[in-house]
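Have a look at this one.
Letters A, B, C and D name the chains as they come in the text, with residue numbers starting at 1 for each one.
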Amino acid sequence: MYSIYSIQPLLAVAAPLLAVPGIISARTPNIREAWSFAAALLLLALLACMVPAVLAGHTYTWVLAEVLPGAPIAFRVDAFGMLFALVSSSLWVVTTVYSIGYMRAKNEHAQTRFFGYFASSIFCAVGVAFSANLLTMYLFYELLSFSTYPLVAHHQNEESRKAGRKYLGFIVGTSIGLVLPAMVAVHHFTGSLDFASGGIALGAADSTTLTVLLCLLLFGFAKAALMPVHVWLPAAMVAPTPVSSLLHAVAVVKVGAFCIMRVVTGTFGVETLQALHLNDVITGVAAVTMLAASLIALSQDGLKRRLAYSTIGQLSYIVLGAGLMTTAGLTGGMLHISMHAFGKITLFFCAGAIYVATGEKYISRLNGIGYRMPWTMTAFLIGSLSIIGIPPTGGFLSKWYLLNGCIGSGQWVLALVLLVSSLLNAAYFLPIVYRAWFCAPDQAQHSGPVREAPLACIVPPLITAGISVILFFYPYPFLNLARLAAN
Amino acid sequence: MHDVVLTLLPLLLGAFLATLAGWTRSVLAYPVGAIALLTSFGFAVKLLCSVLAHGTATYLLGGWSPPWGIVFVVDTFSAGMLVLISASALFTFLAFRAEILDHFAEKSAAFVALFMLTVAGHMGIVATGDLFNLYVLIEVAALSGYALLGFGTGRSPLASLNYLCIGSVGASFYLLGVGYLYMLTGSLNMADLARIIAASPVTVSMHGAVGVILLGLWVKMALFPFHGWLPGAYGMTSPVSATLMAPLTTKVMVYVVIRILISVLPGASIPDAIPAVAVTLATAAIFVGSVMAFRQTDQRRMLAYILVAEVGYMVGGVFIGNRTAMTGAMLHVFADSLMTLTLFMAVGSIARQRGEMTLGNLSGLFRTMPFTMAAFVLGAMSMIGVPPLFGFFSKWYLLSGALASGQYVFMAGLLVSSLVNVVLFFRLFETAFFDAPGESVRDIEHWSRVTPLAIVAVLLIVAGLSSGLIVDRLIAGIIPASLI
Amino acid sequence: MKKAALVAVLLAGAFLILSMENFSSWGDIESPASRHISRYFIEKSYEDTHTPNFVTAVLADYRGFDTMLETVVVFTAALACFLIVRLPSDVCKPGLFYYRHASTGLVVRRRQACALPDEGGAFERVDSDWPPHDVVVTTTCRMIIPFIQLYALYVLAHGHYSPGGGFQGGVIFAASYVLLAVSHDLRTLVNQLTERFTHLLAAAGVLVYFGTGLLGLAKGANFLDYDAVADIMGVSLASGHSLGILFVETGVAMTVTAALVIIFKLLSSRGAVTEGL
Amino acid sequence: MEDFLTQLTSKYNFWAYIVLMMIGLYAMIAKGNLIKKLMGLGIFQTAIMLFYVAIGSKAGATIPILLDTHSKELIDFADYINPLPHVLMLTAIVVSVATLGVALALVQRIFDVHGTLEEDEILEKIKNP
């Protein structure tokens, strides 16, 4: 267990950014996308170099600039950060393939801008993953908010303008209005923002202040979409599907959950929170969000909106894991970051593929689509199973750990909530599968021979669905990282 | 050895020579100005290096030692200010070359001369160690400023006259306060005064003197409720004048307040009422500035009202009365100058293409002027307080200092103004992003404008990342140890 | 508004009256202001500068930098007025203008004037709304003006020994030109002192002051250190300072004269300079 | 009361400057005509000059010009009034004259643009052109 001072974390963070000038200056679309691939593979390679040492329990650190006393801009690669970075970067490769298929098939405008901001969003996500302290994390969190704005507002029409407003209003409003003062206060009480400093000592501030601080941070990281700051996520679904799939199912929203988990474990410290029973606040909010979001999801007819509400519910699993304060719970929460990512991105890919092939966005119009798009809907089925948590899919494992955590700490109510929520998950996903395969097509275009979306839109969901299944049998890189981090 | 005064002299010489050139070889006026600014900038950088290496530099003008003669005293903070002022003037001068030559036509030589004079005035204010000399320099800077701001479209003379009246009253109050101090101590030299004041008993009149001086400076720096002149003066005039004056005037006045508090009155007991009033006014300035900025349709006036709020930031930081907040205020003087410069430069470039700066007139800018808008976004982000841009770090110190002293309302003001800035700037960005540019729009981005702008915008990031260094090397040593 | 103004003014006045508490009484010799540095000036300045007039010595030597900036302020004011009110040369001034053809005596009327026709040429400007020049006034003034100017030079040069100096001399000099304009008309003044000349003179004046200061730098002393003047002229230090003061006062007088004439010409003609009053 | 009277009599110079200054300030705020505002500014600045010059006074002293340049005796500072305030005010006077010049230039431009010098009329014209 030692810390390696190396520039590798900075290189890994900067790798996606390297693609941006290439993307902007590329002459043809193929060269442009080649830059994205090159950067993604470079990022993966850099991460792969660090994985063995991280798995052995070591950390990589690098200080970029001493900006504030006790709060430099610094990077640290530990197991948890590595887990998140691996998920984001590996899915970036897949998503790039998918984006090429989707954007070209839909003949979208401003594709250069799209790929440029996509790369910079990944840069921010990896930056958050490798942040050594709250300040660095806030830095990348804010940059992520602003670099996803052009993606959310990609269509440049009235609807996306409204969505963009809502998105910025919630995300930036909470980060400046809540996180910033909380961060200043934490710095005031502890003199440091480092995650490894062991958190706020019990005596540093009274329990009321700590409760307020916790709430500020919990709701301040609105990207985690805890209720009531979840409103932006369904609105952001106006973005092109690749954005929804990678950013609003994986990178951006998980950055929120990641931040909350980091803050809970690194800034407050498990001991302090448990001593003041503040973990109940976290689990309470998570449980309410979980159930409420699932219930709302039931009533949504828009496919992407239903997926969005499902995401809100699933993010609360991660937050719940953080609030459980047991090893199993934390492992489950962290594992859920990866498991849910593979499952949910599959679903979004499928939704996009359906839209590309048929132009349909609403569940009620998907009767019998399984006959026309069998591959897509197979992937969709696997994705749903993973989200619901039915073996043999990866989703089962993370839920298993979470449930273990609940029971282990004697939180029977939470265990019940988890089960009910899983039932609700089934209740809003399986009807779609049912419609697709067992209802007669009432739309003329859904009947007839198999006509799938372009290959680039089909292969990615199949890959991610496959990985979801594989992760059930072989979860070790992620599971080991999560276990390591939870200990 | 002469570096201190050599930062100033090229500008004065440039002004005289530009005038001569204007009536003999008028093509030479602009190059003369550019060379003067460049030389001055060079000496300022040299001075900063030597001050960092050897400590505070003192220069006896006329060879008379203080307190009989006038001295220039440049410590690390003022050396930083000198570099900042000369750099921002230089960039403005280079970026707006076309305006200076076209817009002012046969008056361009006079314009160049006044430009040099106002920069020289501001630099002198920063460098001088004599209270009365400070007054004269304030007037040099202000008088040339009135002229630069008064030359513009229809309403600018009125706005400038308004500024002249309020500014003269402010300067006069300052002069009166200096008179009070002179009467009570018999000296005008800052260091000498500090010594005498620290040794003499605290009296009502001394409090009165401090009050009058601060009142005068508050009026000059457009602190609420004396801010009336600022939006008009900066919002109506030619973009080049606004870009020159906006980063300098209010910030340099804040500098004077800081200088007086830490160099003249460190041992004096300032009456409790003054910090309390100052923080209240500062908080009010932040709220009023933000609300008024919200109501503006013209984007230049909007920026001017944001400046009003920014003055509140700095005054609040100065008077909160702890080390962190003071650091924040001093850092914000740098940060605010730099980001104001970026924003006004970008707006100036846009205004040249689009004319009126109403929201409706800004459609499609991201497509037609991508580089200018990129710089504008950076400036705006810094204004909002997004790390790692410079504006975030000064705001951090201010927030932290306010929290330590329990000034929660001020803290709320800072946060609210950040949020309002988000709305203000994204309102503009939305228009520039979503709406297609009009049919007749033919925007041109010339490298000679984009390059200085890009440098300044990148400086925002560089300065942000090195803010720890700036605080350590330039600021921390200046704040008296008595301030905890 | 007026009531608010009254309240504000009364409050400010009350504040100022309250802060009077520790002020010295009228004529108090022992007041701090009269001791410390002021005492040094009275006791040492003759020794240092050979200038009996303490005010001049302090103004142009001890606080010479202030005075240079003060000259710069005057210079700035002239430039500022020029920038603000000077009409562009291609803008025509509306109004009725009469020109008499010198050889034929025919009078031409024009509705607007762009530039003044060449005075030495065939046409002469005739004022329509200006009473014919009074012979008594013009003659008297023509006789008085040289004496005023001579007096101005005296005030300038005698500033070392009596109240006076560059500013006072410059103002009197400028006043003589104002008198010329008032007694004749603005065009007479403009013919005497063209716009170009006054601007060059103003810049030259500040340059004289500035150059005297630079002598110090050139000799390795500080800026505005008149020891360098003594060095160059080969006189004693104190006499050198006295000479230095004379140099800078001359520069001040040049700038003040020129600047006031510029401002007068601009304001009285509403920016046209060629026409007015 | 006695105290107040001594204040009033021994420091009447300061009372005078304060009254003058407040007159100037009032004119600047309350008067609508721009020229009158400038007059107020002039009074305001002159009051400060009075204040400064009053600081320099010494009972029984003469103007600050050395009477006898050949005397070898030490110069007694009580014989001459304080030159420094005069120096400072020479500068301040010049500054205020220069300011007035620029202000008048601006006023001329304002008159050219708006056709009046009454502030309320100008504001009215700006509102409803």
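Observations
We take it that contacts are C-beta pairs under 8 Å (C-beta built on N, C-alpha and C of every residue); 3 or more make two chains touch, one makes a residue touch a chain.
Nothing here was measured: the structure is a model prediction, and the numbers come from that model.
The chains touching chain B as well as chain D are C. Two chain pairs, A-B and C-D, are weighed by contacting C-beta pairs, with C-D ahead.
Look at where the CA atoms of chain A average out and do the same for chain B: the two points lie 44 Å apart. Centre-to-centre, using mean CA coordinates, chain A is 74 Å away from chain C.
Averaged C-alpha coordinates give centres for chain C and chain D that are 19 Å from one another.
In terms of their C-alpha centroids, the spacing between chain B and chain C amounts to 31 Å.
In chain B, the residues that touch at least two other chains are 132, 136, 139, 143, 146-147, 150, 157, 182-183.
Among the residues of chain A, none is found touching two or more other chains. The set of chain D residues that touch two or more partner chains comprises 25, 55, 84-85, 91, 95, 98-99, 102, 105-106, 109. Of all possible chain pairings, those that touch are A-B, B-C, B-D, C-D.
Interface of chain B with chain C (complex): residues 2, 5, 9, 12-13, 15-17, 19-20, 22-24, 59-64, 67-70, 104-107, 110-111, 113-114, 117, 124, 132-133, 136-137, 139-140, 143-144, 146-148, 150-151, 157, 180, 182-188, 196, 203-209, 211-212. Those residues of chain B that touch chain D in the shared complex are 132, 135-136, 139, 143, 146-147, 150, 154-155, 157-158, 160-161, 164-165, 168-169, 172, 175-176, 179, 182-183.
Contact residues on chain C toward chain D in their complex (touch as defined above): 1-2, 4-6, 8-10, 12-13, 16-17, 20, 23-29, 31, 33-35, 37-39, 41-43, 46, 52-55, 57-59, 63, 66-67, 70, 73-74, 76-78, 80-81, 84-85, 161-163, 167, 263, 266-267, 270-271. Contact residues of chain D toward chain C in the complex are 7, 10-15, 18-19, 21-22, 25-26, 29-30, 54-61, 63-66, 69, 74-75, 77-78, 80, 82-87, 90-91, 94-95, 97-99, 101-102, 104-106, 108-109, 112. Of all the residues in chain A, the ones that touch chain B in their complex are 64-69, 72-73, 135, 138-139, 142-143, 146, 150, 153, 156-157, 160-161, 164-165, 168, 172-173, 176-177, 180-181, 184-185, 187-188.
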